[in-house]
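Residue numbering begins at 1 within each chain, and the chains themselves are lettered A, B, C and D in the order written.
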Amino acid sequence: MAKKPKLRKPILIEGLPGVGNVGRVAAGYLIYELKAKKFATLYSPDFLPLVVLQPDSLVHMLNMEFYLYKGKTRDIVILTGDSQSITPHGHYEVCGEVIKLCQELKIKEIITLGGFASGKSPEKPRVVGAVSSPELIEKYKKYDIDFSGKHNIGTIVGASGLLLGLGRAEDIDGLCLMGETVGFPFLLTDPKAAEAVLRIVTKIIGVKVNMVRLEKSVKEMEKSIKKTEEIHRKMLSQIIGKKQQKTQTQYIG
Amino acid sequence: MAKKPKLRKPILIEGLPGVGNVGRVAAGYLIYELKAKKFATLYSPDFLPLVVLQPDSLVHMLNMEFYLYKGKTRDIVILTGDSQSITPHGHYEVCGEVIKLCQELKIKEIITLGGFASGKSPEKPRVVGAVSSPELIEKYKKYDIDFSGKHNIGTIVGASGLLLGLGRAEDIDGLCLMGETVGFPFLLTDPKAAEAVLRIVTKIIGVKVNMVRLEKSVKEMEKSIKKTEEIHRKMLSQIIGKKQQKTQTQYIG
Amino acid sequence: MAKKPKLRKPILIEGLPGVGNVGRVAAGYLIYELKAKKFATLYSPDFLPLVVLQPDSLVHMLNMEFYLYKGKTRDIVILTGDSQSITPHGHYEVCGEVIKLCQELKIKEIITLGGFASGKSPEKPRVVGAVSSPELIEKYKKYDIDFSGKHNIGTIVGASGLLLGLGRAEDIDGLCLMGETVGFPFLLTDPKAAEAVLRIVTKIIGVKVNMVRLEKSVKEMEKSIKKTEEIHRKMLSQIIGKKQQKTQTQYIG
Amino acid sequence: MAKKPKLRKPILIEGLPGVGNVGRVAAGYLIYELKAKKFATLYSPDFLPLVVLQPDSLVHMLNMEFYLYKGKTRDIVILTGDSQSITPHGHYEVCGEVIKLCQELKIKEIITLGGFASGKSPEKPRVVGAVSSPELIEKYKKYDIDFSGKHNIGTIVGASGLLLGLGRAEDIDGLCLMGETVGFPFLLTDPKAAEAVLRIVTKIIGVKVNMVRLEKSVKEMEKSIKKTEEIHRKMLSQIIGKKQQKTQTQYIG
């Protein structure tokens, strides 16, 4: 981060790889549609120890990236990336870094985006919500978020969960939006679930995004997404063992 | 911990998840019956990298909690929680932190509660004792504790053991009480073993607790306990691999 | 490193164990032919916790070694060794150390050497190139390097990849040369792929090396190489588990 | 360590658990026969996260212990213990600590004791030697040590190897003595191999030890040894997985 941007009422939207790629696709499309600008990059020794070889012969270090969209009434920081930590301890480290950045930027609100595997592929996917403190349900219930508790989600693994937990200790409000997706195979991108999540998050942050292009854009992103998917699937199963792949089935982040 | 409480002759009672959930249930019931007040929370990057999603849509960070009961002649600090470290190294870190807190609070006595798997489910479960220095056997033998050495317990894994070992170096007396339980399945809660342990620990610390409510209270806690059980079982088997589940069979903590 | 050598336009050539042993053999032969002198050694707690017992009854600590060849117009630093980190986190640590040394020595250019498994064993192995910034393709394309992107390489694991990624952040230009090799069994030394890589790297750094001796020298190195191969294969499969061996199949470094 | 003892020409003898328990039994018997006094203890978060429950109901923290025997012409420091690190990284940490202590005590010579698995159980077991610098072969070859290189030992894992490797960087001479043993089952104590190693090490350090009592003493130690063996076998196979057990087959330390 070259210099710390000054922000008005900033909010962080996080979307990283996970089940159905919901968070990552939603965050990626938001960045694309809002023409958000990258202003910071996060590298970690807890990512996979490799670089991605792109078709143009350039190597790409795994990272997380922070984008900024200067909205009319408030500024939106979007966090996305091609990786999460590959160790339990690393998840805490990386999320701790993100929360530190939030504090520097005076971000008091985080919305994390992800998917949850229901085994079903409904026409209109549900969006289940989780919050870091009780009064937030009141605040967010007017958006079409399912706070009924009627779902099979027991835990939220990785950044989407930990950012809420760690943020709370710093008085940062946290909402996690999880779009319903089949969940199998784990990293199969589900644009419909991403769209469901996007419809809600755009309402909350007060921006307009043309959903028509989403499915097309997902098709365009497909190649790059497929590569990352493949890397993740392969590497995780190899470095951390096959057990990890099962963990991933429940991954929400 | 907002501010360090001043305590009279404080003693620490530890009860964390483990075989038969004996320690956790005993500590939980003690907190409930004594109306002990939470005064400190411990988070660790060595816990699972996830948050628990509660039925009320609130997320809960894994932690350990310290409760205080101001007794007539002495103060009781109770340590419980929904997690232990998931790495060997982390066990030392977390227990080191607890011992540090003991030193700050001038705690000179620790009683750790757990279960041990005997394969049997006796009407009146034995309570086996382990101590951190020889003179403590004299001190504690008047309570119905089995110091005969006639059992199959070779090691005490995790906090219940390490708190004794690490505490000893700081001149903190340590007693571990282990209630007999079947031990299979690993995390199946055994209220009878918890009661056996509770009967002894309450005598030692000089408080009265109505055991009648224990079994009922365990039934009420069942849902929340089941959730944690499930999380532990699932996550441990996935993140650390199936081998961990076997370790757990011998877990005493 | 006793004292920091003063260097003219220094460049780093890295060749460590990996698929087909391509990088290691190429770097080893370069050191041998140029009579390069060792000037620094790197040890790491992230290497295997063992020493190698040599036939002369001497023990050898696993390490990485830096050699120096003072060329006519520029100085060549060659990094080789018998080990890479055995943990993901360690890869970042070790490569971070190497980049630090590069900065101290004012090295602004790194060429990493490795192999890639194509499943084929062609008469004239291809050499695929990867770079850390786009303008480097222009610079290097006159050498017979394949920048077409037509290959099955998705990621570059370990030092050969990370040195490029980490180096870029310090304005160090990075080129990775990967010689085509069968790739099975993983650590079977492939002198032909090493020769293909050497032909290009010697042209780039402007030194002449007699390739006639390479195959003979590989035969001579065979024993020592075999031992290391064996150690790596055995230890990796045992300490980190069998999954690691599969990772290695794609190892490029 | 209460206070640093002043020593004359001190030498360190290391014997920790490993194949055939050779090093540990040899060091233990040496301590017993020389009536060496414990003067320092080493604990590490890289040991197993458990305490051993002894038959007398006392808990015992895993540790390494340093004993001192004040000899006629020189002082002998003996390092033994019930554990080695359970992580690769931890091996480096622990051995680094031991080397630091050596420097504080001005120890310039280390002899590490272990076994090597030959698959055979000879009447007169061979003792293979390994040294940290070439001139030491000259120094030690008068003792009945096999420096021929004719054996199947490729690596020395753990403290017995790393102490030599790390010591060398601090100008500490290192000799590793490895007694021939069947090697299966891994931790089956082999008093004959221990005796073979002892005969040589006592000559080198110039002390007399009555070997008659060794086998008897091993029988007496059997119970305590069995317990540790069991713990190690069980815990290693569970916490680190079954692969570890295989590693152990080659363990020399």
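By our rule, contacts are C-beta pairs under 8 Å (C-beta built on N, C-alpha and C of every residue); 3 or more make two chains touch, one makes a residue touch a chain.
Remember, it's a predicted structure, so these values are computed and weren't measured experimentally.
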Common touching chains of chain C and chain A: none
Centroid comparison with chain D (C-alpha atoms), farthest chain: A
Chain D against chain B, contact positions shared by both copies (same if over half, else different): different
Between chain B and chain C, centroid-to-centroid distance (C-alpha), Å: 51
Distance from the mean Cα position of chain B to that of chain A, given in whole angstrom: 36
Chain D: positions in contact with at least two other chains: 90, 241
Set of all touching chain pairs, with the criterion as stated earlier: A-B, A-C, B-D, C-D
Residues on chain A engaged by chain B in the complex (per definition of touch): 85, 88-93, 96, 129-134, 137, 147, 149, 153-158, 161-162, 164-166, 168-169, 174, 176, 241, 243-244, 246-247, 250
Footprint of chain D on chain C - complex, ascending: 43, 45-61, 86-87, 90, 227, 230-231, 234-235, 237-242
